[in-house]
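Got a structure here, written out as structure tokens. Questions coming.
By written order: A, B, C and D. Residues from 1 in each chain.
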Amino acid sequence: MDYTLLFVQVLNGLQLGLLLFLVASGLTLVFGILDFVNLAHGSIYMIGAFICASLTFVLGNFLWAVLVALPLTGIVGYALERIVARNLYDKDHLDHVLGTFGLVLVLDTSAHILWGPAGITVPLPLWLDGQVELFTGAVIPVFRLLIIGTGLTVATGLFWLVNYTRLGMLIRAGASNRTMVSALGIDIQTLFALVFALGAMLSGLAGMLIAPITGANIGMGGQIIITAFVVIIIGGIGSMKGAFIAAIIIGLIDTLGRSFLDTLFTLIMNENAAETAAPAVSAMMIYILMAVILAVKPQGLFPPKVR
Amino acid sequence: MKRLLSAALAATMLTGLAQAAEVKIGFVTTLTTGGAVVGKDQEKAVNLAIEHMGGKMGGLDINLIFGDDGFKPETGKQVTDKLVKQDNVDFVAGYIWSHVLLASRKSVLDAGKFLISANAGPGPVAGKLCHENFFSSSWQNDQTPMAMGEVLNQKGVKSIYVIAPNYAAGKGMVAGVKRTFKGEILGVDMTTWPTQLDFSAELAKAKASGAEGLFVFYPGKAGGAFMKQYQQAGLKNSLPLYTVFSVDALSLPKFQAANFTDVLGSQFTQQWDPTIDNAQNKRFVADFRAKHGAYPSFYAAQAYDSMFLIQSAVDAVGGDLTNMDGMRAAMKSASYSSVRGDYTYGNNHMPIQAFYLREVVKDSGGNWTTKIVQTVYDAHQDTYAKDCSMN
Amino acid sequence: MLKISDLTTHYGSSQVLFGIDLHIDPGQVVTLLGRNGMGKTTTINSIMGIIPATGGSINFEGTELVERASYKTANLGLGLVPEGRQIFPNLTLWENLVATSSNHLNVSNPWTVERVFELFPELETRQNSMGNLLSGGEQQMLAIGRALMTNPKLVILDEATEGLAPLVRQKIWASLELIREQGMSILVVDKNLKDLLRIADRHFIIERGKVVWSGTSDALHKDKAAQHRYLGV
Amino acid sequence: MNNLTKVGWVTVMGMIALAILPPYFLLTGQAFYMDLATRLVILGIAAVSLNLILGFGGMVSFGHAAFIGLGAYAVGIPSYHATWGGFDLIASYNGLLHLVLALGVSALFALITGAISLRTKGVYFIMITMAFGQMAFFLFQSLDVYNGDDGLTIDVRSELPFINLDSPMQLYGLSYISLVIAMLLVKTIVNSRFGMVLQGAKGNNERMVTLGYNTYLYRLAAYVISGVMCGYAGFLLGNFTTFISPDMMHWTRSGELMFMVILGGAATAFGPVLGSSVFILVEEILSSFTIFWHLPFGLMLIGVVLFIRGGLMGLFKGKGK
């Protein structure tokens, strides 16, 4: 066993997991408080990436671009809530799925029209573009460490926000009984819009962080949104803790599966078969995990006690 | 709904009646999704070709219809069906992606039309599925990586690690390099196509394998993402990169905009380059640049060629589109002027052609482009030709 | 301060309220009585904008409440202690008090967590317990405290003593009297006629979505016929 | 005709149009429209099957496209081996074998996934059915023998007695008759005691349970019936397109099926067929105008969800009922 490789892959898995958490946390917030299934959450991830990518060239620096793109993405989220999402809250989950599926088509096509099909490659400042050697042989790109750092910081911030601020109390209260929150004098519509915008910013931030790695691309949201749903379902919808744990688990499973499954498979089949079976099985693994968990715990790992 | 259908019906009847003396060409490419980067470049090249022809082939007007495959085999087959059955085209050209071509070929060939691949060249269509009405204006998938394998041998690389997407062309590329590379292949990673764009796990494995080189195939936008991550991982000195079809004229301007200088000097094999010295290529590259402000990609070059290949067929029979044999013979002779220079067709209608090693350089205007470093093969034929029953 | 006239409300296509008339004067304790299913809770939900009224008028100190958003109504100074308490189960007791607290009317001596604990001392030791772990009595006190923390002028209590032990019930009534002394108006929906006769100033009896009897405690006390006919006492 | 409701009238007229127009297109040399109609009718069967559990049973299955794929591969795999050798056990062009495989595999898949999925409720059910669909998608993606992602071309269609599926007219005829039978079957099921329990459980599951019905078993049975019907649609689709790929099972395809049902009108007899018709025609018309057709298409989706209660069939119910 190559422990250096294992260490590097665990870090890679952690990084993927934290990115997933950024997307899933917004999703679970919105679902938890609004009971709203939002497939278009992934499109906001894409929009965040594109806005940030464009701004990187305008402002000349990736970090400045992120700082400006964050509130802009929040505004996009706010606008989507006002124009589309708000009108869907009263309907059932089926309508949410279909309505936001339509929204995905609209946003993806709009991004194609606005930014072209090519996608944008995002340059990083020099100091972020290098790599560090954590110990002999364990070389990690600096930027991936930055993603891990940002992810952990945001996760901490979110836990603080949800558990120790008045906004957080209102978010939790709203998740359990919106009528009562409203009857006690809180403008629930504005609270919803705020939460939606916050979710959008989190998802957008994930998109901004991935852009220097994979580029900003149309359709990038469609891939992550399903994984993010798997995360919040496994974690228990509405649970921030669940989302965090599930995201890390899935990030690790996916990365470690991609790295070591083929080696494992060569134990039971020939090399060629292992080479092709491994990627598919590792792609399937998160769904298998989800099915198994739901079969045992139909409400996910940490169902919040709200209703 | 009924009224809508009868209106649509009436419309099609009208166009059916208005059939003038024209040659109908369907061009299937990718116009939506991330794959559209490539499709758009082909679209530009095809339109430029038509312009250069003055809109005529063998005295007939050219009626060109583009079809969008949406980067999916199934959609590609559906638009192909429509071109064949509804628009009743005489030629179907295009096809960037091998799996789309494999899904669509039967629709065209069963209908007795000509099929011209302007990019994709999966093994089966060159071998056991070869067909008299199929021609390629590009290459067979394995050829380019075979040339790269040859280059690796010449450079004295002893071992490589391979990363490629898990679809028809990816498998072909891996098969190709395996065929000619004489050293050891320490590992092969096939990634989910086209969704996986983060290669951190694969890069870490490649590095840990201790290989002397990294062979990679990532067409379109994935190539850009891969190059970027390769650079971020800092592997340039420890694990040199050898690519096919992963750096192209579409990604270079983006790299230049992002000032991604590591890509300068990287090398890859190909059957064409903008610097190839012949009149057809000079005109193509110059006019393309004048019109679109960027170098054409090899996708564009092949699409451009596909139109002139068709033109040579229609010219040869003087516009008599019923003379299939005449058109077939004309194309088989490859007597048109190709932007890559002269080549011939093998028994399977795949080009027997030269392959070059290209390198990324700055041109005189400071734009990033490529030039030819050496000729790897003078006239290379693919290995599937022997499986083809035609002669 | 609150004047309801000819209020009608529907659930979907079926009508529940058929023209309620009711008024509360400043500093008064007023009750809404009647058997189950007669429209008491619906009346309160209509006042609070939880169920939109379909006709009539609800006037609170000159402001029309019909078609007004729930939170805007609350912010005029109406504090709701709802039927079933509806404590937020996933918030601690302390958080339940603080989450929605406000002082929109700039009351000079606003309610604080400390003052609520003075009123209900038994809550203080439980302040870090989650809402769903509190006993029924604690939840009821908390619900009252939660409403007080919005610093209302009018507190509305819907079935505030339902299912509580007599001792706890007495505590609730005692707290209401304290609140009243501080100048707040109170609207109570309850079934404990005996206690209410002692505390309340006026009573409204509702039957099939209409107010069928109204008057002072004295009048109700004497009108045994009405008591029997409408309340089954 | 007088005692037909408006809805019934639309149903009859729609079905007559589907019976007459496509053959007319074929005879007038418009083979492409015949193709379009065949696709529409086959997806109509799939939508009708989904409607049984989604519309009448309240089970929002987001993985139904998996059954289409299973049915199609049940044609493709035996046919592939019959052409290229290997896997002698099932290598055959025999359509009856294909059919038995398609229905059997669908039933088995429905039984296993249904048994697990039905333990969950609400959005969990939506997502777990999607997860199973995705598993099928990735499974076939990994099957290298059948070209994985690249898909499988069916060189020889299923050989059935009396029917030649190579004839577009006969294939359409079979599909059309199958659609009619599927609609009648769903109607019969819905009006039976079984169907009553199913619909009762959709409205108020607890009440049905307290009435002594094991609603879990009823739902599971409905889920399996629906999966088998959808697998049959896959059998037809495989024979129609002669090209199958894992993409047929992708979650977006399941979403499209759901949309067809909702667009036409869930829990109505003709709604799913109307939905699939409108879906395919709109897609065809929009995409012939612009490559950006997903934009208006998405707007239409949102519009339908926001403004059309009960789908298009809801428009015909109107006030005159």
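Keep in mind that, in the parts below, a contact is a pair of C-beta atoms (placed from the backbone, for glycine too) under 8 Å apart; a residue touches a chain by one contact, two chains touch by 3 or more.
Because the structure is predicted, anything quoted here is derived from the model rather than measured.
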item	value
Centre-most chain [mean C-alpha coordinates]	A
Contact-richer chain pair (by C-beta pairs counted) among B-D and A-D	A-D
Chain whose Cα centroid lies at the greatest distance from that of chain D	C
Computed distance of Cα centres, chain D from chain C, in Å	54
Length of the line joining the C-alpha centres of chain B and chain D, rounded to whole Å	36
Centre-to-centre distance between chain C and chain B (centres being mean Cα positions), rounded to whole Å	76
Intercentroid distance (Cα basis), chain D paired with chain A, Å	32
Of all residues in chain D, the ones touching two or more other chains	141, 148, 292, 294
Junction residues of chain B, two or more chains touched	31-32, 166, 192
Chain C residues counted as touching two or more neighbouring chains	none
Interchain contacts, given as pairs of chains that touch	A-B, A-C, A-D, B-D
Contact set on chain B toward chain A in their complex	31-37, 39-40, 166, 188-192, 195, 197-198, 200-202, 204-205, 207-208, 221, 224-225, 228-229, 231-234, 250-251, 254-255, 257-260
Chain B - residues contacting chain D, complex	1-2, 4-5, 8-9, 12-13, 16, 31-32, 68, 72-74, 77, 81-82, 85-86, 98-99, 102-103, 106, 166-168, 192-193
Chain B-touching residues of chain D, taken from the complex the two chains share	14, 17, 21, 25, 28-33, 35, 141, 147-151, 153, 155, 241-243, 245, 247-248, 277-278, 281, 285, 287, 291-292, 294
Chain A to chain D touching residues, read off their complex	31, 37, 84, 87-88, 91, 93-95, 97-99, 101-110, 112-113, 222, 226, 229-230, 233, 237, 273, 276-277, 279-281, 283-284, 287-288, 290-291, 294-295, 298-300
Sites on chain C touched by chain A in the complex	48-50, 69-72, 74-75, 79-80, 82, 86, 88-91, 95-96, 98-100, 102, 104, 132, 146-147, 150
